[in-house]
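Letters A, B, C, D and E mark the chains in the order given here, with residues in each chain numbered from 1 onward.
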Amino acid sequence: ADTIKVGVLHSLSGTMAISETALKNVALMTIEEINAAGGVMGKKLEPVVVDPASNWPLFAEKARQLISQDKVAAVFGCWTSVSRKSVNPVFKELNGLLFYPVQYEGEELEKNVFYTGAAPNQQAIPAVEYLMSAEGGGAKRFVLLGTDYVYPRTTNKILRAFLKSKGVAEADIMEDYTPFGHSDYQTIIAKIKKFAAEGKKTAVISTINGDSNVPFYKELGNAGLKATDVPVVAFSVGEEELRGVDTKPLVGHLAAWNYFMTLKNPENDAFAKKYKEWAKKNGVPNADTVVTNDPMEATYVGIYMWKQAVEKAKSTETDKVIAALGGQTFKAPSGFTLTMDKTNHHLHKPVYIGEVRGDGQFDVVWKTKEPIRAQPWSPFIAGNEGKQKL
Amino acid sequence: MSVVTDFERSAMESEDQRENWSGNASTSHVVEPGALDLSHNVILYLEDITVSFDGFRALNQLSLAIDAGELRCIIGPNGAGKTTMMDVITGKTRPDSGKAFFGQTIDLTRLTEPQIAHAGIGRKFQKPTIFEQHTAFENLELAMKADKRVRRTLFAQLFDDDRDRIAAVLTQIRLDREADRPAGLLSHGQKQWLEIGMLLMQEPKLLLLDEPVAGMTDDETERTAELFVSLAGKHSLVVVEHDMAFVEALGGKVTVLCEGSVLAEGDLAEVQEDPRVIEVYLGR
Amino acid sequence: MLTVDNLNQYYGGSHILRGLSFDVPLGKVTTLLGRNGVGKTTLLKTLMGLVPAASGKVTFGGADITRAPSHARVHAGIGFVPQGREIFPRLTVEENLLMGLASRPRGTPLPARIFDMFPVLRQMLGRRGGDLSGGQQQQLAIGRALAFGPRLLILDEPTEGIQPSIIKDIERAIRSLAETGEMAILLVEQYYDFARSLADQYLVMERGEIVMRGEGANMDADGVREALSV
Amino acid sequence: MRTPLTLRILHSTPRAGWIALAVFAAITWIAVPVAHAVLAEAHPLHLSAYSVSLLGKILCYMVVAVAMDLIWGYAGILSLGHGLFFALGGYAFGMYLMRQIGRDGSYQSDLPDFMVFLDWKELPWYWAGSDSFLGTLLLVGAVPGLVAFAFGWFAFRSRIKGVYFSIITQALTYAAMLLFFRNETGFGGNNGFTDFKRILGYSITSPEMRATLFALSAALLMACLVLGRYLVTSRFGRVLAAIRDAESRVMFIGYNPLHYKLFMWTLSAVLCGLAGALYVPQVGIINPSEMSPANSIEIAVWVAVGGRGTLVGAVLGAGIVNLAKSWFTMSFPEYWPFFLGFLFIAVTLYLPDGVVGLWRRLRARPAAAPDAPPVPTVHRDARPVSAARSSAKDPAELPAVKGAEA
Amino acid sequence: MRLPLPRLLCACALVLAFLVAPARAALDEASLAGLAGDFQSRLDTIEALGVAGGEDARRVLDALEAGALGVAGGRAVIVQGESVVAAANGEALALAASAVETLTVNNRVRRALGTARAALALASADRGERLAAARTLADNAGQSLLPLFERALANEADDEIRGVLARAAARVNLSSADPAQRLKAARALGESSDPAVKALLAALLEKQGDVWVEPNGEVRAAADMAIHAIDRRIATAETVGTLFSGLSLGSILLLAALGLAITYGVMGVINMAHGELLMVGAYATFLVQGLFRSYLPAYVDWYVAAAIPAAFLAAALVGVAMERLVLRHLYGRPLESLLATWGLSLVLIQGARVVFGPQNVELANPAWMSGGIELAAGVVLPWNRIVIVGFAVFVLLLIWLMMQKTRLGMFVRAVTQNRAMAGCVGVPTARVDTLAFAIGSGVAGLGGLALSQIANVGPAMGSGYIVDAFMVVVLGGVGQLAGAVWAALGLGIVAKFLEGWAGAVIAKILVLVFIIVFIQKRPQGIFALKGRFADS
């Protein structure tokens, strides 16, 4: 054929559409951009978009369809870990190629998957270190708050071990989970207040999933827990999520990511601008207020890395592309040249910590000097030693 | 099919449990289906039954005894409690106090509706209640005297004599032409007949009939009376009616209910003379 | 008052009403008799607009109401006591009666006549309609139809389930209503004696057709009773 | 004279039905397996793994639809919790599949990965027996069956009916979903079970296994149809329908509705469980979202689309809705909910008795008197005469009084 | 008290400055030197600025807050556009703005800034400002602030402020070297209801090895008593707080369910699109907010009030359309209405997604609905929740009037109970249906308006409420408005008490189990319809 098909596997309906639609958009934009620049090996890319509808088994079915029916060369997709877990066996069986753009809990390494989001040591651990530092407020007590699923559970397990290694006592850690879509945070906020009042400087580490964040932050604001007293650092709240929140009461709360829209560098300026224009041209609702965020950047980077690898391998064959991907570099909107690790299919990524501003963007208050290598198997979990390679 | 058997067994066991839960099992009677004790020739015996709804006494210390094979008419003003009495006998309503015995041994106040039906009491409702989605034929089939446990109905089949019997009843109630029509489409009077037919199929020992001839023509009323008279003796019947001609045609003993208790009892002629009955019921 | 002209009605494939024509004059009681299942109730439902007429014409007070919706017929002045009572089971007795005034402006009082006729209803005002005994419900259904003072009253077996003394009352009441000359009455009845004693004119239906009609006074002579037996 | 049961089962499905089943069996037992597992991939008639597992999944859904129809269409009990039974069957079989992974998981442990990860040292008691295939087969039916039996026993005994019953079934599945979501519960939390490798030692991804699972799903569906057909045409079925229409009347003629409902309810749950067990290896994942209330509502929607109270309708409904969904999400990824939504609305407005109703109307049209006006319905209350009308149209679907004992 | 040396020095300097220099003096360069130091010394410097007070201090703090304060060549400077001035005295410097390293304002700095500003405000003429300042300082009370408290106490006349200050001072004095001071402090703190204070006191009652942290037995006894007093106060406040949470959750459930109580409860339409009617109301509110922001920015706080009719009408119109086009053909076929409304809900959700985008939209609580009333330290009743409880009462009243004071309610019930007969007594059934459905939908719209003030507004928001809404209506007893009220409140309060005890997930499970068990006891809901018609 004279085109190369690539799959876009993001939920456009159901609960995850909130987050994933933007990833589909950015994938289409990137593909257009690559096509405009001549395509890959002289062939145009042809995106195949499907809607797995936030339904995990459907993810597996659609993945199979993309690989075996549509014969796509690579798939860009998934957000939740469970969706990734459900497609993993399919990619393995059919030897497909998946680029997964979202921060996740690690404890996984698949030959057929490239992880362009953060592993825990590229997001969670630095964030907690920051909170414990003088600049971060020197927190001594921690509330680990999350939605009850694997990403928060795992992240918190790692963080607990990490905190322990830093000498934080069990009694100074409170861990709590809410169901998906939980919208009544009165009790939890009251508990946090009580916990915070009981002693030393307290910080909240939130792995609350997208939809519950609005009620959580609203309650937080109204209950008078200010960022200066009890800062909340979130791992799942980015620019896109904040579009739905009145950020005034949130100012000062934190998020840790590998990318913020406010980063100042030529790549990012171009990236944000391109996306705005694309959104306008394609009639995305509220196109004038669209934002870019970390998983979008990770999607963008992932597609380019794949392109480069294909060009290097001179083939779209999965094994050859996998071989060519290791060591690929790309000058990313995050301001660094990112490298795809040769052995663990993760990107080396910089870490930023941002404080929420009144306009829903983030002010970077801390960052790493250079990209950090991912540790998908966290050393803070027993038995993971020496597991960092495929 | 072992699933079925297991299920059935456990269902039965739990049924027993329920009885135990529902009260002092030690004093409750053991119901032997079909073992109706008529040693004193009384098939139904009500004593001091009281039923009230939100303080309103629908039955007020009602006592009544029906002999085996008797045809008893019950009359009384609207709201006297006739239907409520039938509700008590059939287990639909639990009395606040009082005794209700079927024969000498079966305490009706302790049994569930299906158990009471099984013990041999059949009922026709004031407002015809039939299975509207089933055909007239099926209505009769369902009512037919048979083992009515799940396991049996799963494997039940209709034998020739069953069909003959159903056909006979259909003819008797003049619905042979409507046999295969859904009963919901029958006219009011036809539904009345169908319900009587169901009762005949059920072959109960005691028939409770609440206004069986309402909506029937005079001619049909007569036929019904004949039918009931022919049933008496072999069965016991309790008939509630407001149609005096019909009551007269039945010719049995008459009980007048008023405000939840018995006002008068005797031959129709006697009762019709009673000034209190005239006052509250018959009018001048 | 009410004129029915060549009315036809089907249920599915079967022809239930076959070209019926008759009048119901003001100030008179017209009784309709017939055996079970001949189509009496179907006819009344057609008159009330509950089932659409297949063909034919119904006029009331000069206006063609063949296709009018039920509530418009009530507003035109038709009151209906259906077979089977059809009271609103979860409304109280009082509300049921007030429903009878739905076609009248809000705040119209209930006429005292209802309670004179059916004193039991007064005692039961607060009870839910569905809790009443059968006969009480029947009285309620009649009371409800009378509440707004209809010009045509249609009754489908109104005596069903009612105790003899009250049947006598109803009989007297219907007579007096007709005698005021302001009401037409169409009565479907199986209870021959009751029908005969009220009828100013009678109609007998058989298989969807009117097979006999005449003056009420001639009912016995015409052999209506015999016609109703098999 | 007693007619043997087999003969009666034979009679309960009309000849056309048997022919259809035979054709269906030929396709699903021979044509599809051959096209998938025997024909080379390049062959024009080759059926891809995608198609086979998609169709296999839909076959499982069809079984669920039939189970739902038995309890909803014929016993009038609307369950909004059938997803639970489906998921329980799925989980029971999923446990076996997890055990079959053996030491091939990421942690190379005997325990499933998620347990290793959450620091479980040994399998909790409720995983006992999950390593035995036969034990699993038992659990697959017994777990949903027992849950349904216990729940139904209490609910029917308390005479919970109508929406009250529907709502507590919904609460039940919702509560179970939350319970299974918890990581501490021991069923893998939100992720559930996935990454299966083997059944009885055979690779789960081999074409032979796929074809086998597919054929088994088809067999289950056919068995359900024959069994369902027998049940609804038996006297049992008529009693059940009578309970649906007038429960108290049924009691007064001596049937105990509790037992009837409970039997059908439990049977329906068991069928769902079996379907769930076949579903899991074919789609490769089972997780708590199968128990979400919306999933259970959707099951009811399939049945309604096909035509409630007709077994074929349930099958058609499940097939149509799911194929439409698969096709729409692929062809109109951004707009498919519009199509599906309008499909549902159109079905209710124009096909009041579902797809099967349409079929009957088309068949009945030439026969009906041309001048007959539409059937009027007078009392359109909760238990409408119109429903009688619907079941009256086609004698084939009426509980057959005749044929059965010939 | 182990302080690092620089801190100690700073503190001393501070106290000295405070004691020696009267507050008016201009800042000297030395007092700002810390800004060029490490992070901690910056913080200390900032706090010291507040204690020192004065116009110049205020100016420096303003600059810091605006992100204009920086250091250049070891000196604190302020960037003013392109020019740079010395922070201490405002004199112009020959430095390029680009040469200045501006100080990052993060949370920690903001906190120090807050303390500094509060210290400044303690001298304010406005009572409210002083009170707020005292409260802020009390929360951050440290040794360095003690002199400030004492000075303020000396000048303060207001009792409430004195109380706050005294407790703040007491908190500091709890670690005084003088046992008498500590005893006084422990007694004074018994007046508090702040768990933080309790923690301070509790620390005195601990043992390190064999030695008491607090050597003085009398002080320990006083601390113990104080702890009990605080505990009692906290316990009461918490119970009230939990009750309120339950009430609030209940009122939200109720608002989510009330529309359904009409469309389903009274009219019998199994309305799976009910959640989407909530969504319509919420989006209508969003649009009204947008209009206010564009055209009436001065009154933007009142957009919520203006949204009441808008949300009602928008949802009512959608309801009318649904009723006229679809539901009208389905009366008496409740199960089909389930299928059709399920389809409608898919369409409405996707419609919202196409029009407004898949993301949530932002709705701000107006100022008068932000913040809350503080019952006790840690127990805050947020205004938005209080308003919503009130709103629930308002909507309830509205419905009650509509159903009881007009004949509509009776007509609607009659129509649902017996459609044909209702026509035969003269009720225009079609019109009544449309009207009733419109009202039910409109009420759902009002529910959406309320929800928009608490939770997400997005295309799928409705699906999150539909299950709860049905549970409330059914648990209450179908068709029983009063039942819905009891059910909603009951579920809310039960859920909140369970949640405090078992956590959100288990609590939710328990609530569902509770519903299942409850219905066993009352198979027809709380307000069961009794009577002969119920089952025949």
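FYI, a contact is a pair of C-beta atoms (placed from the backbone, for glycine too) under 8 Å apart; a residue touches a chain by one contact, two chains touch by 3 or more.
Chain-to-protein mapping (UniProt): B = Urea ABC transporter ATP-binding protein UrtD; C = Urea ABC transporter ATP-binding subunit UrtE; D = Urea ABC transporter permease subunit UrtC; E = Urea ABC transporter permease subunit UrtB.
For clarity, every value in this text was computed on a predicted model and none was experimentally measured.
The minimum number of touch steps separating chain A from chain C is 2.
Taking each chain's centre as the mean of its CA atoms, A is the chain most distant from chain C.
Think of the whole protein's Cα atoms as having one middle point; the chain whose own Cα middle lies nearest to it is D. Chain centres here are C-alpha means, and the one lying farthest from chain B is A.
Inter-chain spacing, taken between the CA centroids of chain B and chain E, is 64 Å. Distance from the chain A centre to the chain B centre is 72 Å, each centre being the mean of its Cα atoms. Averaged Cα coordinates give chain B a centre that lies 41 Å from the centre of chain D. Our note on geometry: chain A versus chain E, Cα centroid distance of 28 Å, whole angstroms. Of all residues in chain E, those touching 2 or more other chains are 349-350, 354, 418, 420, 505, 508, 531-532, 536, listed in ascending order. Of all residues in chain A, those touching 2 or more other chains are 12-13, 148, 179, listed in ascending order. Among the residues of chain B, those touching two or more other chains are numbered 53, 125, 127, 129, 185.
The touching residues of chain C, counted against chain B in their complex, run 11, 35-37, 41, 83-84, 120, 131-136, 138-139, 157, 160-169, 190-192, 225, 228-230.
Those residues of chain C whose C-beta lies close enough to touch chain E in the complex are 48-50, 69-71, 74-75, 80, 82, 86-91, 95, 98-100, 102-103, 106, 128-131, 144-145, 148. Partner chain B is touched in their complex by these residues of chain D: 1-3, 5, 8, 149, 153, 157, 231, 234-236, 238-239, 241-242, 245-246, 248-260, 262-263, 266-267, 270, 383, 385, 387-389, 391-392, 398-399, 401, 404-405.
Looking at the complex, you find that chain E touches chain A at residues 39-40, 104, 106-108, 110-111, 114, 139, 194-196, 198-199, 238, 241-242, 245, 248-249, 252, 349-350, 353-365, 370-372, 374, 377-380, 382-385, 454-460, 464, 496, 499-500, 503-505, 508.
Contact residues of chain A toward chain D in the complex are 12-13, 49-53, 55-58, 60-62, 64-65, 68-69, 81-82, 85-86, 88-90, 93, 107-109, 148-150, 153-154, 157, 179-180, 381, 383.
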